[in-house]
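All chains are identified by letter, namely A, B, C, D, E and F, in their written order; residue positions are counted from 1 within each chain.
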Amino acid sequence: MNTESRYERGLAKLREVDGQAGDRVVQSLEDIAPDFARYLIEFPFGDIYSRPGLDLKSREIAVVAALTAMGNATPQLKVHIHAALNVGVSREEIVETIMQMAVYAGFPAALNGLMAAKEVFAQ
Amino acid sequence: MNTESRYERGLAKLREVDGQAGDRVVQSLEDIAPDFARYLIEFPFGDIYSRPGLDLKSREIAVVAALTAMGNATPQLKVHIHAALNVGVSREEIVETIMQMAVYAGFPAALNGLMAAKEVFAQ
Amino acid sequence: MNTESRYERGLAKLREVDGQAGDRVVQSLEDIAPDFARYLIEFPFGDIYSRPGLDLKSREIAVVAALTAMGNATPQLKVHIHAALNVGVSREEIVETIMQMAVYAGFPAALNGLMAAKEVFAQ
Amino acid sequence: MNTESRYERGLAKLREVDGQAGDRVVQSLEDIAPDFARYLIEFPFGDIYSRPGLDLKSREIAVVAALTAMGNATPQLKVHIHAALNVGVSREEIVETIMQMAVYAGFPAALNGLMAAKEVFAQ
Amino acid sequence: MNTESRYERGLAKLREVDGQAGDRVVQSLEDIAPDFARYLIEFPFGDIYSRPGLDLKSREIAVVAALTAMGNATPQLKVHIHAALNVGVSREEIVETIMQMAVYAGFPAALNGLMAAKEVFAQ
Amino acid sequence: MNTESRYERGLAKLREVDGQAGDRVVQSLEDIAPDFARYLIEFPFGDIYSRPGLDLKSREIAVVAALTAMGNATPQLKVHIHAALNVGVSREEIVETIMQMAVYAGFPAALNGLMAAKEVFAQ
């Protein structure tokens, strides 16, 4: 499979998962690191998200959990809360995933994750 | 619902999720912080894991993702890789969850998570 | 001790420690995760802060230190700088605690902690 | 105050706080980065720990809290659990400090901190 | 070498590296922790940056990499992206350094680092 | 450029940078996640390390700095201390890079990094 098809497959997957938010991330990179936009499409979306062994709902639950726990990537957490909704994770499941992070990363991480979800749900 | 029932519900849930590994964690706390063992049973398992809004498979995928991404709690990551298997997450789904963390927390976090999975799978 | 009393004891402790800031956190959760507000009152405040083995001043010094070092929970750091003042930690002791984190978590963490303290002290 | 006296003051403070563990850290640096041993004595101990605005017990509670929460510096956490005992923090206060970190950094961080305390207390 | 000369050497080095941004950091500390401004000048700049074994370009590449990877100190990352330009690191080299962090700390860390660089380059 | 050539270019670059340690990482993945070994070769080494805008010495200084600062990936830090030596970074430059992380991530991170360097240098 050549690079062209990784890119095309990745772009389709990015749009399926992130919708317009994915396009905005790509655009934000155009004048600073356009190659990084290409890598972002090819590796995470063309390679990883396109793999068959885990459904997209589970993938987005995993990402919302991880970014909530890490607590240092709020813009990306919001993009993925939106993406989780996009691929069929319910609001309740998102809230449960974030709340559970209080156990593994502390109450501040969970609180900040819930505030991010509140913002995304309000849009 | 009184504290007794949170404890009992939590202990049953801990055993459902973690099996004997949960008992070992509780035992390891007996001579240093027995109250902490009680909190561990009551809050994470009696309160959070017992909530209906997210199935146990998704909860364990979320924890494996978060602990892989944080990268500073290997013993607990192993317990939860085992717990994920216990509640029906397949080896393939665990490996996919951990691999995906390369995107969000870097290749070293994913590599160390995969080595933890390898150890748990070998048992 | 039943859940009702954990909640009541926790709410009293939350108000003793955090004052109105605690109420604002609880309110911010009402429309997204009201159960999480309850857990926040019950476990951290009803269970942990209510324990006799460590005085509240030391508990708040511990939290200010930890949140400064982690560096990814500024809103909660501000709440706890305020809480530290509430329970009798002096401004000087808060500044010393934060400055010391330069040794354990680096100068940026300490600098950002000091800027948070400056904001809280100015209120 | 010249560098010589920072070093001398720092070395005395390091020994007061860390006892022989401090000397071992300094020795471990001799063949890789002897200047770093000097900085370690001068800045953390000659400058920070020697400041009057916060007592040594509170300083060690702050460090035990921060290193437990960060979760990526177990050898140093053990040194400072020992140091906390050295300067008069009780075992109970150490355990309370670490347990409280479950609230701010998650249960795995607190669990790993308690296991470190158990090892130090057993010595 | 006495403290006076550490301070003087550090202040000169801070200005060489950070330019006016260094002065602003020092000023921001005046009313909250003036001693910390002195330590910031003496230890990082008087001691570390003044060492001969690594050129300033490499030192700034190291800092930009570390702060991008840690992801919790954006103000300091911006100061050091500016500092990197000051000491002769090219825009391309800064962008490459940040992009590479996608491998070690994940795509969100690299994306947020690139957005910080974009802001600094636009000034 | 097709996938085959990304893989081939990446494998050559991995061997140039990491030597036999790179091969061992790839082998360790064979029975758990062979596709991840391929991604590791293709994206970090085939895409990123093969870019012209930053020399390999600077790339390895950046990685040693970041992994020291993160403090949760010791095996990978050792691989990259070895890689830094491989591409011409001197022992002194490695030690300086790690020592500097005391400023940005704290003394424990730098100490643990220096101990990792000591082990690698002793081999």
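Heads up, the rule we're going with is that a contact is a pair of C-beta atoms (placed from the backbone, for glycine too) under 8 Å apart; a residue touches a chain by one contact, two chains touch by 3 or more.
Note that the structure is predicted; figures quoted are calculated from it, not measured.
Enquirer: By label order, what chains touch subunit C and subunit E together?
Expert: Both-contact set = A, B, D, F.
Enquirer: Pick same or different for copies subunit C and subunit F, depending on whether their interface residues overlap by over half.
Expert: Both copies touch with mostly the same residues.
Enquirer: If over half the contact pairs have to be identical by residue number, which pair among D-E, C-D or C-E is the repeat of A-B?
Expert: The pair repeating the interface of A-B is C-D.
Enquirer: Looking at C-alpha means, what's the farthest chain from subunit C?
Expert: Most distant chain from subunit C: F.
Enquirer: For subunit A superposed on subunit C via Cα atoms, how large is the rotation, as a multiple of 5°?
Expert: C-alpha superposition angle, subunit A on subunit C: 120 degrees.
Enquirer: Tell me which has more C-beta contacts between its two chains, B-E or A-E.
Expert: Pair with more contacting C-beta pairs, B-E versus A-E: A-E.
Enquirer: Need the CA-centroid distance for the pair subunit B / subunit D, whole Å please.
Expert: 30
Enquirer: Taking the mean of the CA coordinates per chain, how far is subunit E from subunit F in Å?
Expert: Going by mean C-alpha positions, subunit E sits 22 Å from subunit F.
Enquirer: Rounded to a whole Å, what is the gap between the Cα centroids of subunit A and subunit D?
Expert: Computed value for the inter-centroid distance: 39 Å.
Enquirer: Between subunit A and subunit F, tell me the centre distance in angstrom, where each centre is the average of that chain's C-alpha atoms.
Expert: 27
Enquirer: Of all the residues in subunit C, which ones touch at least 2 other chains?
Expert: In subunit C, 35, 39, 43-44, 48, 51, 67, 69-73, 76, 95, 99, 101-109 touch at least two other chains.
Enquirer: Line, ring, star, complete or other: which describes how these chains touch one another?
Expert: If you draw each chain as a dot and join those that touch, every dot ends up joined to every other.
Enquirer: Note which residues of subunit A are touching subunit B in the complex, please.
Expert: Per the stated touch rule, the residues are 43-44, 48-49, 51, 53-54, 57-59, 61-70, 73, 76, 92-93, 95-97, 99-105.
Enquirer: What does subunit C use to touch subunit E in their complex?
Expert: For subunit C paired with subunit E, touching residues are 70-72, 95, 98-99, 102, 106-112, 114-115, 117-118, 121.
Enquirer: In their shared complex, at which residues does subunit F touch subunit A?
Expert: 1-3, 6, 35, 39, 43, 47-48, 51
Enquirer: Which residues of subunit C touch subunit F in the complex?
Expert: 69, 101-109
Enquirer: Any idea which subunit B residues touch subunit D in the complex?
Expert: Per the touch definition, subunit B meets subunit D at residues 25, 28-29, 31-33, 35-36, 39-40, 44, 67, 70-73, 75-76.
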